[in-house]
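So that we are looking at the same thing, I have put the structure below in structure tokens.
Lettered A, B, C and D in written order, each chain numbered from 1.
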Amino acid sequence: MKFYVRVDGTERVLHVSRDGAVYRVDVDGRVLNVDARNFGDKDAFSLLIDRKSYLVEAAPVKPERGVYFARVLGRHYDVEVLDELLVAVRDAERAREHTGAFTLRAPMPGLVVQVRVTPGARVSVGEAVVVMEAMKMRNELASEVAGVVTSVAVAEGDKVDSQTPLVTIERE
Amino acid sequence: MFAKILIANRGEIAVRVARACKEMGITPVAIYSDADRTALHVAHAYEAYRVGGPESRESYLNIPNILAACRESGAEAVHPGYGFLAENADFAQACADAGVAFIGPSANAIRAMGNKLAARAAMKKAGVPTVPGSDVPVTDAREAARLAREIGYPVLLKAAAGGGGKGMRVVRTDAEFEAALKLTTGEAKAAFGDASVYIEKFIERPKHIEIQVMADAHGNVVTYGERECSMQRRYQKVIEEAPSPIVTPQMRASLSDAARKAAIAVGYTGAGTVEFIVDSERRFFFLEMNTRLQVEHPVTEMVYGVDLVKQQIEVAGGAALTVQQSDVVPRGHAIEMRVYAEDPAHGFLPSIGTIKRLVLPQGPGVRNENGVYEGYEIPIYYDPMLGKLVVYADTREDAIQRARRALREYRCEPVRTNVDFLLWALNEPAFVDGSYDTKHIEAHFDPSQLHQRDEEVELAAIAAAIAAFDYRSTVRYATLDESKDGAWRRAARADATKRWSR
Amino acid sequence: MFAKILIANRGEIAVRVARACKEMGITPVAIYSDADRTALHVAHAYEAYRVGGPESRESYLNIPNILAACRESGAEAVHPGYGFLAENADFAQACADAGVAFIGPSANAIRAMGNKLAARAAMKKAGVPTVPGSDVPVTDAREAARLAREIGYPVLLKAAAGGGGKGMRVVRTDAEFEAALKLTTGEAKAAFGDASVYIEKFIERPKHIEIQVMADAHGNVVTYGERECSMQRRYQKVIEEAPSPIVTPQMRASLSDAARKAAIAVGYTGAGTVEFIVDSERRFFFLEMNTRLQVEHPVTEMVYGVDLVKQQIEVAGGAALTVQQSDVVPRGHAIEMRVYAEDPAHGFLPSIGTIKRLVLPQGPGVRNENGVYEGYEIPIYYDPMLGKLVVYADTREDAIQRARRALREYRCEPVRTNVDFLLWALNEPAFVDGSYDTKHIEAHFDPSQLHQRDEEVELAAIAAAIAAFDYRSTVRYATLDESKDGAWRRAARADATKRWSR
Amino acid sequence: MKFYVRVDGTERVLHVSRDGAVYRVDVDGRVLNVDARNFGDKDAFSLLIDRKSYLVEAAPVKPERGVYFARVLGRHYDVEVLDELLVAVRDAERAREHTGAFTLRAPMPGLVVQVRVTPGARVSVGEAVVVMEAMKMRNELASEVAGVVTSVAVAEGDKVDSQTPLVTIERE
């Protein structure tokens, strides 16, 4: 299988095939034989690559969107793993994404403690528009796009669930 | 000694206290909110009482319900842990009035240290160095600015009723004063119900060093050296260690002497911590006294071979301290790391959900103090600290190496933790050489630094590709596509100019 | 110092050594048999080499393959752990010949202590007290009986090449001698390839106390006090502690002096342990020297604040010991419990299978040294020890309480463990008062003592009934009955005189 | 549901019913309200009984034979939980059991190191007839019945799997 794998902003093309416990992994043209065994559960792997031993974790998070995670030597990585189909979907969505509205959603359940914008306000990328409190911590939620606020769906003091739409911003 | 103790807290500290009780042959009684029926601290107790709804004010801050649980259980004492009601003088008083021993200082001692301005005055009187500043609340901006010039800018405006980094504002010029004073008094009134603010010299890039105190009701006071807690983010301690890499035996003696004076000045009993701020010339000034057990007490326990919780309980039961100050000798080095369910790569947003896999570091010199377990669903109502990882070794260098080794063994999934952030902090040259200060993280941390070695990044790519391969070998898109957000549906929805090759 | 060390072992000790290597910045290299590809020690190493089939002699005892792994990996040193090749002089010599440092004493020192009779002679010469007995092998039953009468019955016939409780037989009368001598020499020949046997006074109900020794290549020898290891079953240590409850400072000094002489007498280098047998009058006699790291080394580490594995590696690398004997001061008390996959209620039969759930005790003063993990399938080829649970506290009494608390937190399912047996041992009055000896378990243990309180037994009944209720609520007999051994089938098979009421 | 529960040789009759998280358990006529919640996994329970808190484990081992285990305060219990049907089965099997042959089986995979009996030998209850080695430990396997050895299926040096028949003894 051919995968387009993006970690930390760098994309690699990996071809993976399998023979028993050994995975043949071609990384940008370099071939590795990876002896990979589940280690206690299916998300953990004991890898032996050319006699080097690694205990890593890797698992799908939202596989239908290509979202995976990996943990190597205590460090967490958000990894995007796309196959040909998902690449096509992503490219199509990207084409749409550069126009239209961006909706800021609550990343976790919590309390809205501050709404810093009103409809009509102009915001820039990374500008904090809502402050939420969850688990005793205040968190500033920023717009991912530059544009004009078209609607504000919450008010200060509102309790919201995860993924509740908070503010809609029309790209410009 | 007590036969039964009610633990008025939750999370790792409630588990810590329950373990101490069990080891002392005392029955630990838990309280729990509706969100905490299956919390770890309930399972570690021998009895458990529901005290209210999931919000803290309905349960863990609900004094009448907690006292009712004391009565019903027949608990003879209450351990407040830290946070919640631990520094609430009214609660201490209510316990005393109900004939239940409060495992902590008297309500008066809590009050004496609770008001920062009153505490400053008491400390000055006791001969404890305090930060240059005003002795009374400031109300007039012009007068305040005059005082600020006298002390020297920049200065800090602080709420008298504040603490722990809350209710403060830096002022750098006369011009800023009027607005700053108005804002700070307003916030102080709103947050603490007391508008009093005062001025202190602002110390840039200070170190935070604190002394552990233990006092009994018979006039004996013992100090257990210092902890350095300068690795902070937004005034929250992240990593603590004992001893401090910059404290010499002479400085330790001076700090300990000051802390002892502070405790005696307020008639302190039980475990307490005197916090000092240390400037770049290694001068130290009284910051505040925490009138309870600290989160970071384990580093002191490991270096001094003492169990502070057991000692707290003994002292509250009326026992005299048997340890002599001359017997208090440090050995080795300990480092505590606070492990949070948060995402350091994305603004430290709290991470919630169910912990499906929890593998804690083990082996020599590793101590885990946790409030969670495998299969536990992290509630949204409380602090996102999962627990503390504490390491001990012969030397500071070995302890740092051990801390790194232990963090790499940590596994908590799929909840995102700050383990990689802790690894970053331990690798910072200023941490390694001991020169770090409380502004270090703010000044130096950037999420792009979380990943360091190309080899590891490539391994992450390989591991994820193998996971994707396994996933794709067992799950078909046909199945996927039945989901609301299946790939085919999205492909169809999108006005896809299909590009099958790249 | 070494850049890479090959660990010629498996299980918890291989993990222990790998952790030490990582903390020292050394690359740990694992070896594994075909049964151990997914063993914990492989995942803890940075490199791993297959050395053979699942049987120990094919892999962990396979000297040529292990040396080949050294060559291929470029390891500069080998850590043998304990067991397997740790006390094999030929292996130590083969490493030396291959230019690889053996982390342990010289082959000559291993040989000098490997033959019990030779060791006795060397110890006598060095002024170390030995058990009264013969100085040369005995072959003639009549002559042997004469010597036995001289020493006083009962006596022990011991294989010169034996050790660790193997190859010995008690003789109580002249009449038994001829048959006993024949049997013991026969067994010695079969088991060790050396028929030599000798006589020692048999000490009834002794204590087993041992001294930790560390020696460098520069003539420095340091001793780290004693461990008491008298809680044994079939000569296997079950619980060890430091300090010993019966050792006074004077006795410690005498034991340490004897151990130091023993080490010097054989030109010892590295970590070693001199075992003594102590009679009811507190006289002690040299038993044997274990020329490697002991299983129970953690109790010494915790009480003396030392990392013995790191010190072993440093000393093997040629470093001189920097610690002075006068700096070696005990603090607190440590207890180690060996956790086995075995069923104490049924003759300690080994328990195998997959560990579906592993929850280790945590909190203050708890150290886990494990060779297993959740999801691991215990192989049948090796020792059934899962790991060691070690606790530390200020006093022996607190350490015992902590050990009980920790054991109750232990969870390892569905594999049957000896945790309840360990709880039994800790509760024995003779353990609590410190008077226990090596025959205690044999003399006092009965499986019926594993369960003690009626309340707990009733709770077990309630919990199982709830589990049965839940099971029956989700699984129907119709399903059950499709199994080979379904209840309905068995009901039909049985010539059931159906009795629906009792 | 009615269960006959045997622990450590004592049998209790328990009636169990359920209302949400609370189980009503009647133990030999004494009624307890047990608030039982799964604790991390389905084999662990946090129990609250009259404000007392217990963390216990309990799970079926061979439920079709009524074999369960429980763990309470670090102690392991083999528990027999029978319902009416299983009681009937047991009684029927018991009736058969007092006659006929007893087969000693290997409790784990391992090596037969000693066979102490030959056909025709008379053995008593608890007498060790075979010694096996597994996981570096020697284990004596005893007859559960008194009788005469009718057959010996293994020899010294044999490797056997779990449940392999070793010796058959005819009851007398």
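Everything that follows uses one rule, which is that a contact is a pair of C-beta atoms (placed from the backbone, for glycine too) under 8 Å apart; a residue touches a chain by one contact, two chains touch by 3 or more.
Just so it is clear, the structure is predicted and the values come from calculations on it, not from any experiment.
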| item | value |
| --- | --- |
| Chain pair showing more contacts of the two, A-C and C-D | C-D |
| Mean-CA-position distance for chain D and chain A (Å) | 50 |
| Rounded Å distance between chain A and chain C, as computed from the means of their C-alpha atoms | 49 |
| Mean-CA-position distance for chain D and chain C (Å) | 30 |
| Geometric centre distance via CA averages, chain C-chain B, whole Å | 40 |
| Set of chain C residues in contact with two or more other chains | 373-374 |
| Chain A: positions in contact with at least two other chains | 41 |
| Touch relationships between chains, expressed as pairs | A-B, A-C, B-C, B-D, C-D |
| Residues of chain C that touch chain B when the two form their complex | 15-16, 19-20, 22-25, 298, 301, 305-307, 309-310, 331-332, 359-360, 362-370, 373-374, 393-394, 398, 401-402, 405 |
| Residues of chain C defined as touching chain A within the complex | 30, 37-38, 42-49, 72-73, 373-376 |
| Complex interface listing, chain C residues touching chain D | 341-342, 345, 347-352, 357, 380-384, 404, 407-411, 413-414, 416-417, 419-420, 423, 448, 450-452, 456-473, 475, 477, 480, 483, 485-487, 490-491, 494-500, 502 |
| Sites on chain A touched by chain B in the complex | 1, 3-5, 7-8, 10, 12, 14, 16, 18, 23, 25, 27, 32, 34, 36, 41-45, 47, 49, 54, 56-61, 63-65, 68-79, 81, 83-89, 91-93, 95-96, 107-110, 134-137, 139-140, 162 |
| Residues of chain A touching chain C in the complex | 35, 37-41, 46, 48, 51-53, 55 |
